[in-house]
Amino acid sequence: MIIVMKPSATKEDIDKVIAKVKQNGLDINLSKGAETTIVGVIGNKKKIANLQMNMMRGVEKTVRITEKYKLVSRNFHPEDTVVDVDGVKIGGKDIVVMAGPCSVESEKQLDTAAEAVAKAGAKFLRGGAFKPRTSPYDFQGLAEDGLKMMRKSADKFGLKVVTEIVDKDDIDLIGAYADLFQVGARNMQNFQMLKALGKQQKPVLLKRGLSATISEWLNAAEYIVSGGNSNVILCERGIRTYETFTRNTLDLSAVAAVKELSHLPIIVDPSHGTGRWQMVAPMSRAAIAAGCDGLIIEVHPHPESALSDGDQSLTPKKFGQIMEELRKIAEVMGRKI
Amino acid sequence: MIIVMKPSATKEDIDKVIAKVKQNGLDINLSKGAETTIVGVIGNKKKIANLQMNMMRGVEKTVRITEKYKLVSRNFHPEDTVVDVDGVKIGGKDIVVMAGPCSVESEKQLDTAAEAVAKAGAKFLRGGAFKPRTSPYDFQGLAEDGLKMMRKSADKFGLKVVTEIVDKDDIDLIGAYADLFQVGARNMQNFQMLKALGKQQKPVLLKRGLSATISEWLNAAEYIVSGGNSNVILCERGIRTYETFTRNTLDLSAVAAVKELSHLPIIVDPSHGTGRWQMVAPMSRAAIAAGCDGLIIEVHPHPESALSDGDQSLTPKKFGQIMEELRKIAEVMGRKI
Amino acid sequence: MIIVMKPSATKEDIDKVIAKVKQNGLDINLSKGAETTIVGVIGNKKKIANLQMNMMRGVEKTVRITEKYKLVSRNFHPEDTVVDVDGVKIGGKDIVVMAGPCSVESEKQLDTAAEAVAKAGAKFLRGGAFKPRTSPYDFQGLAEDGLKMMRKSADKFGLKVVTEIVDKDDIDLIGAYADLFQVGARNMQNFQMLKALGKQQKPVLLKRGLSATISEWLNAAEYIVSGGNSNVILCERGIRTYETFTRNTLDLSAVAAVKELSHLPIIVDPSHGTGRWQMVAPMSRAAIAAGCDGLIIEVHPHPESALSDGDQSLTPKKFGQIMEELRKIAEVMGRKI
Amino acid sequence: MIIVMKPSATKEDIDKVIAKVKQNGLDINLSKGAETTIVGVIGNKKKIANLQMNMMRGVEKTVRITEKYKLVSRNFHPEDTVVDVDGVKIGGKDIVVMAGPCSVESEKQLDTAAEAVAKAGAKFLRGGAFKPRTSPYDFQGLAEDGLKMMRKSADKFGLKVVTEIVDKDDIDLIGAYADLFQVGARNMQNFQMLKALGKQQKPVLLKRGLSATISEWLNAAEYIVSGGNSNVILCERGIRTYETFTRNTLDLSAVAAVKELSHLPIIVDPSHGTGRWQMVAPMSRAAIAAGCDGLIIEVHPHPESALSDGDQSLTPKKFGQIMEELRKIAEVMGRKI
């Protein structure tokens, strides 16, 4: 931590600041410039994290220098992490595609979607059985019935299952059917659920919060990893901005940022990230070109009659065409789908 | 819902759109302008909510016209709601102040704070026993020990207790000690917890999410009220913007907006809303002048050694001075503290 | 400036960083922590401003410590500045209200508005003769004809004139009619115009940019003051956020921030700041309670037929009522209208 | 325009709304739903644009249905526009790369940069002679001397010149040296300059404003095109969000949006868009994969001693490597560099 003193700070003010830092078992480094004196704080990270200096007389501001996350940081773990989801590796050479409907609606819907996406090269069936919806009057999902259908369809077509968890009490229930837990944007800082997911070993797909900084997102991942589960995959899904043409603003620079700051794999959700099916193809291509490790895409046999998010879902046919394009971009990137 | 057709849409495109709306049991109103044809959709709100039209040929965009929330809307309940928290009324003539430390740290800390804030006119003791922290390495709260201390200090000085709940499984535990559940910004869309809080009768203070629209916030309140608990108080606590001088941007126009759109009471948190103790006085005055029903303010006997959020906490002395200023503003507003 | 080295930085990396800083005529202060080495840069502010270090090997990031603005900073000019606009003092004890229509439309419109606002206690007539409009097809203003009408109406009712300038070539033209130049949000970083306004002495009302940080806003003011014109008044007018219920999010904490960081007076525009006439009263009261030095409010004799921004304009009658409320808040603040 | 009435609106309220619409020479379409009555307004676009209805009794809100821009809209001009800049075509099959330093500093700097970028395949030399800088104390550019150097270096290596204009009075001066005017983000709504650029025929590169919506950006382009100059190229350069790791958030979905909404070509600036040289390669690849028509990239012979924006500049060597990668992505997209 850096403590910046006001130009008007007196020697006494500075001495008191130094004294307080030392009382907290920390050391200081004093730097006097022409106008401003700066007190650098050295020592134990936790002690520094809890140091409160802004209300002392003469203090202009304090600046935190280091990030709080550690286990997920590339600084302390330079090699890429590859997460193995029941045999499918994410974060390695392969670009892994997860696809399926927003909500599970029926066996027939799922089978049609699963068959098509498997044929096109997807490795995971996605689908929501527990839906976090803005209004209590929106469709809330089929719960366990939906999980059963997903497992059945996925097995029939050789796919893994990824589905959202919205309640830590459902870990066992969902874990019995799914291969990968998805934590949605609204729950990125549901710390109780993150802690619970950290105490088991099934992999977790952690979506970025609606307006989470990359630092907060990596700290959320740290909750899971520090609990003991290092099988975490990040997912960029668009952030909230003032723009209204798209549902969210898909932040592909987050892919490059995460690759720099962390060793965890990262995938991209162009369907929620834009909210417009017309944009799924260009944003999927761009995501791979930016260096992501996978995609999660909404595909629905009949988007126009979907119970949720039909506006951003692709037909199986369109999805198949897009996969062809994506294969070529992946190849240029030295990877494969 | 309004369906806006493209200028290039053919008669066939429009006919198909109309046919689909009717197949969904809804009626239409056709409006042909010079360039654009608009199809208005009339009928059952739930059916409209689930209608997916954007992927049909010739459709430019769809516009949702009505809000999904109903029970919390002033349109359907014009009179102000007054929430009674064990005898203290929020939303009526009185402006209710809640004050205390960010985190409960010790009995002595709480007693000092409680005595001071009670003397200055606060009606509630606030304090966190379960803390949702960005990093797993930050102080996470004293849990039940903290709750016990709060209840004891509050009772000693005639205060009510408000404290945060971060896990729906803690409803009984926290309910045994607190008079008012606080749902924090990070949990505003923890729908499982909202549903659980809707099934019991203790009042709930619902903070606005870090980047929640007013509409989403009122929909979150609808989750609680539609579950059967109409004792909901809203709390504006700052939203996330690009500005970095303040921790958040306190949106006081949300007070006026909520008063227009809803009948629920609303209070303001100037401490988290700004993250700077220097701004608590001006923003508290402004909040009352804007028409809020109460304030929740951080007060710590020794802010400079607080375990969390010391930068935004007031000393008891400063808090007392501010309360004097606030009384005068309240009086001008025809209210009292 | 603080240069934060990566944990993996070698001694050689650090030595090269130090060597480069010194080559630029600057001094360093080295601070070695457990994980991180920090290089503090000391010396001439301008040299530091132009130092580029992020691309050197081993550098994690650089942090700028001090603001670039100086003349507008309270650090170097602790007393409040009071700007005298032809006898009306802004920034002193009085709270100055400016009111009138968004666009100048006709003599009759202006006279009706001017008479009403003068009677209610406003000191300035506001009105746009040159309008910066999002679309080229929107009404662009009456230009010099509008200026003439404003001057005439203002003189008739003893008011000063404030009006927007959108082109540096219009300084003489507008200056011949107006008492106060208004720089709108879209031109806050039109640096050529700011420089030109700095070379003359007529006071300038500088609105905050649509998404300007407080720091950028004060730097924009520095352009004018460093040119030689210290008669600058700031105006908060709402910032752009994701919220759509209001046109902008009025940031009243900016009032408190500016009072802390700068000695310049600051007024508030609740009409553009919210875009809803219903919110003008509560936000005006709140602005005064937050400590602003004045208000600029849209008043139109017939808002429902205004050529621009009618949705946020008050009728003269409503304006008169609000002024009564504002007087009481001002009194509590030890000020008067 | 759609006028949504409140559920509480009386027949009289609705009749008055209808009467006012008709008085304005417009027609209506009435749609009565279960709870809400909606009044659709039909007729002349300009008249509708100036209609003010929100302050009438019983009106809940108004919703604008159609965009105000027309000439730049794909609805009215379905084929792609190809802009010819002195023989180099932008918006056709070729992906055009513009590269060079942020600021022009010296002949040697420019020659080194120009030679390298020409060799690597760039078609334009970029560089700033007039710099819009946040602080008046930052380097403001070499003005005409800089323009001369650019022209000379560009000619030597067969490149076109693109450079920023910050003052409409400089059109002739800059036009004498440059092939393409660049309008920067801060001037996207400097409408006087846009109008002036619309009255001449040299092509204009219009950057998106720091927090401009896509709609506002296209309306800004409409200012130029409606003035008579249809040679407009758009440039996405990152928008302002709450994220602080990157300088801006590069919005690649804007590429897809512009391609859908408009026929104008669009290029991407990954250097300003991210502010980090490490991100230029992945974001350039992603931009091409998203479908852009070109790139503008900062390249400086010695980024670590650049007078501005060195942190986001590439060395010539690194630029050459990136161009190789970009060629392969372009090829997959059926295009070439």
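Think of it as A, B, C and D in the order they're written, each chain with its own count starting at 1.
To be clear about the criterion, a contact is a pair of C-beta atoms (placed from the backbone, for glycine too) under 8 Å apart; a residue touches a chain by one contact, two chains touch by 3 or more.
This structure is a prediction, so every number in the text was calculated from the model and none was measured.
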Exercise. Go through A-B and B-D and name the pair with more C-beta contacts between its chains.
Key: A-B
Practice problem: Determine, using the mean of C-alpha atoms as each chain's centre, which chain is farthest from chain B. | Solution: D
Practice problem: Let me have the rounded angstrom distance from the C-alpha centre of chain A over to the C-alpha centre of chain D, please. | Solution: 30
Quiz item: Could you state the distance in Å from the CA-based centre of chain B to that of chain D?
Solution: 38
Exercise. Measure off the straight-line distance from the CA centroid of chain A to the CA centroid of chain B, and report it in whole Å.
Key: 25
Self-check item: Contacts with two or more other chains, residues of chain B listed in rising order
Solution: 45, 211, 240-242, 244
Exercise. Would you tell me which residues of chain C are touching chain A in their complex?
Key: 2, 4, 6-8, 29, 31-36, 38, 40, 42-45, 63, 65-66, 75-76, 78, 211, 240-242, 244
Quiz item: Taking the complex as given, what residues does chain B use to touch chain C?
Solution: 211, 213-215, 239, 241-246, 249-253, 255-257, 259-261, 273-274, 278-279, 282-283, 285-291, 325, 328-329, 331-333
Quiz prompt | Residues of chain A that touch chain B when the two form their complex | solution = 20, 45-46, 49-50, 52-56, 68-69, 132-139, 166-169, 186-187, 189-192, 195, 209-211, 216, 219, 222-223, 226-227, 240, 276-277, 303-308, 310-311, 313
